[in-house]
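What follows is a set of structures for review.
What follows is a pair of complexes built around chain A, which joins chain B in one and chain C in the other.
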Partner chain A sequence: MTNTPVILTRDLTKSYASLKAVQGLNLSVEPNCITAFLGQNGAGKSTTIKMLLGMIRPSSGDGTVLGKRITDAGENREMRRKVAYVAENKPLYGYMSVEQTVRFASSFYPDWRTDVANRLLSQYKLPHRRKVKSLSKGMRTKLALLLAFARRPDLLILDEPSEGLDPVGIEHLLQTLVAQSAEGVSIFFSSHQIAEVERIADHVCILDNGRLLVNASLDRLRQSYRRIDLVFPFPPPEREFRIVGVEKIRINGNEMSVFASMNSEAVVERARNLKVVSVEVAPVGLRDIFLETVKEN
Partner chain B sequence: MLWYKGWLETRSRFLTCLIVLTAFCGVFVHYAQGFVRPEWSRDFYRLLSIAQEYVVIIWIMSVVLLGMGGLVREMATGTSSLTLSLPVSRAHLLSVRVAVGVLEAITLGVVPWATIFLVSSAGGMPVQFQQVGFYVLLLVGGGLVYFAMAVLVSSLVEGEYTAPAVAFGLVFLAAILFDVWLRSFNLWRLVTGDFYIDRNTYLLPRHFPWKGTAASLVVAASMLIASIRILKEREF
Partner chain C sequence: MFFKLNPTTGQPLYLQLMQQIRHAAETGALQDGEQLPGIRTLAEELVVSPNTIAKAYSELEHDGILELRHGSGAFLTVRRRTRSLIDHVQVARRRLRDLIERLREEGLLDEEIRRAFEAELLYPAEIVGKR
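Up next is the complex of A and B:
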């Protein structure tokens, strides 16, 4: 098993006139992991994914996916044999039936797993003969996911995979993603559903305004991010706490709230030196990490 | 399976056009036979040359419609990301679409004239087979430029109605401009056989105008190569 990143970008940038959709992105996605790609609408997630798949050209910078250069059309085509991609709007050909869609997709991949496709067809209760255009949004999402899972890919890239699914469908999707990961498939998915990310992701990347703000394992984020609530006998001096790792400080009278990505011990130490009355250090969930990081940016 | 996709995308347009063309030819020849007596073969061939003009009009409209679609249109409908995620080059995607379109265009040229041949034979006034072949070759060999132009337009314009409107506009504009200033290069007159028909017998000559047809095919190929280049550069 190799540890070469499945996705690696160097200063990847995409500009549209004066708008920089992605700015100097240095992304490294580890193999055999589930990596979540978080960001607000318009943060540059879909643009990044489209650059990785060769649908749009970077303005500058380069990258590799499964070791193949994304800016080389031939290498990109080779890479797409081993990458399954499900786009945000779950695009499918409306004029094909479910059966025709599955047959069409299977013809491009020699490793196509008919058993998986058949199992998911019955599990998702997809009507074989029905035209895709007459399927519900949830059904279309299930069919798009089936096409990705049955391909035996090395890398799954999913853009908002749970959108359009009911809670049962979402649960099944998350379990399937974990199972795929256990089989050695690397998964890179964008999502707005932080609860889902917290449940299955090993690694989290947060993008905002085209910039990568966080790229770390979920365990490390959980261990290092802390919210420290302090109460002093006097209004606390903010600059005493402006140290490495302190992302945000809020002061309300004699109370101070510090949001730290690391060095929480040093913050507590300084507070104690300032005769703090009360100290409360609490771990921070991914939701807060995301919101604070994005707000700060 | 890209062939299958190409066929599914165009089959309703193709079958509609085929039915219209074939029905037109069958009905036209059937009634033409009612107007003229067997010994008036000159008049019958004159009517056939008129039939070719109508066939050309319907055929051009058909191939322009068949040339619509493709990746740019898929971008508007949202399916381009599925197509582009397949392990296939953009040139390959376009080539298969063009190949399916060319086969359909050839069928749209052959079947109506085969209908004319069969209906006229059944009515006791058979058209010379060589004349039928000549008309079909002119139509397909010379007329593929219209299909290639439609493919080129569909590589540039994504609107469902804008692309065919632009393509049809170019067809009419080219017909008018060439007739006024560059009459000897007028594709319309090449495809209908107007350049070559004998005005006394209304028969086409024995020798096929290979040069004109080849020039037309070269222009068509150039347009298709340009379409491939545009698609390779285009962002989706």
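Up next is the complex of A and C:
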């Protein structure tokens, strides 16, 4: 097991005319981990993923996926053999049946896992003989995921994999991701499902307006983000609390609410020195971390 | 053994799992020598990253509570040292129970007591010392 990042980018940038879709992205994704890629619609997630896969060319900057340069066509081909990608729109051949699609895909990959494909076919309850064009959106998603999971890739890149899935489908998806991770597959996936991300991710990257705002382990986020609610006997001086880690301060009369990405102990200490009357420190969930981070930007 | 991890408590999941395994050993829900599920099995059951389970197991091994045997899983080892820890915890619990009872008698609501406990636990020792 090595610790070389499976994805590494340096100042990766993509501009369309005056629009900067991705700006100076320095991304590092660790191997053997589940990494979630969060961002609002239009934040640049899909553009980033497409650059990583060599589907669109960066305007500037560069990067590697599994050690292969993304801007080199030859290296890119080699990399694509070991990376399974499920796109947002899940392109499949509509005229093929589910069974034909699986057989067709299996013929491309020497490491194809028939056992995985069969298990997922029954777990996902996919109708073998139904034509792809008459599958529901959720079924198409499940089929596309099955094709990626059965390939035994080194790295799975999934763009909004839970889109269109019902709660049972999402639970199956998460279980499969966990199982793949247990087999040593590195996983990088974009998602809007923060509650699901919070359950299975080791690392979280938050992208907003093409910029990477957070790139940290979920354990670190859990331990360091705090909301501190304080009550003073007088209107508190805001500037006393503008220290490293304090992301936002709200004051309402004698009350103050501090949103801190770290250093919550120092905030409490300062409050104590100012004769604070009441202190409440509460952990912050990933949803609030995400919302506060993109709001600040 | 049933474990329940809560992703929104502000505590890493591996720490929660460690505490629950410790607690199970303390209460006797898990016995000396008992086998815990494999990393993959438990990860799929709890639907969490396998790294969460691996980290909890390896920390518990470091603490001498688990023995990881390659290929055959994780086994609980409640040694003498752990036993004395268990006794300490039980004594501490009795003292906490008395304290909580006193606070209630003084008119504090459970919610207020809970918040006070959480606040104290969240502050590092040096700040507490300066008060």
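Some observations on this one:
Assume the second predicted complex is superposed on the first by the 297 of 297 C-alpha atoms of A that agree within 3 Å, B and C clash if a C-alpha of one lies under 4 Å from a C-alpha of the other, contacts with A are read in each partner's own complex, and residues count from 1 in each chain.
As a working rule, a residue touches a chain if its C-beta (ideal position, glycine included) is under 8 Å from a C-beta of that chain, and two chains touch if they have at least 3 such contacts.
None of the values given here were measured: they were computed from a predicted structure.
With chain A as the common reference, the superposed partners chain B and chain C fit together side by side. Of the two partner chains placed around the shared chain by superposition, chain C is the only one that A:P283 touches, whereas chain B remains out of contact.
When the two complexes are overlaid on their common chain A, residue A:S181 makes contact with chain C while staying clear of chain B.
Looking at the superposed arrangement, the partner reaching more residues of chain A, out of chain B and chain C, is C.
Contact with neither chain B nor chain C is seen for A:T4 once the two complexes are overlaid on the shared chain. By the document's definition of touching, of the two partners only chain C reaches A:V268; chain B does not. When both complexes are overlaid on chain A, the residue A:Q123 reaches neither chain B nor chain C.
Geometry note, superposition on chain A: angle between chain B and chain C about the Cα centre of chain A is 150 degrees, to the nearest 10. In the superposition on chain A, contact is made by A:Q100 with chain B only, not with chain C.
Shared-chain residue A:R77: touches chain B; no touch with chain C.
Between chain B and chain C in the chain A overlay, the least Cα distance found is 26 Å. Applying the stated touch rule to the two superposed structures, the chain B and chain C interfaces on chain A have no residue in common.
Residues 32-34, 171, 174-175, 178-179, 181-183, 195, 198-202, 218-219, 222-223, 225-226, 264-265, 268-269, 272, 279-286 of chain A touch chain C in their complex. Across the interface of their complex, chain B is touched by residues 50, 53-57, 73-74, 77-78, 80-81, 83, 85, 87, 89, 91-93, 95-96, 100, 103-104, 107-109 of chain A. Of all residues in chain C, only 7-14, 39-40, 43-44, 47-52, 115, 118-119, 122-124, 127, 130-131 touch chain A in the complex they form.
Across the complex, chain B meets chain A through its residues 1, 4-5, 8-9, 78-82, 84-90, 232, 235-236.
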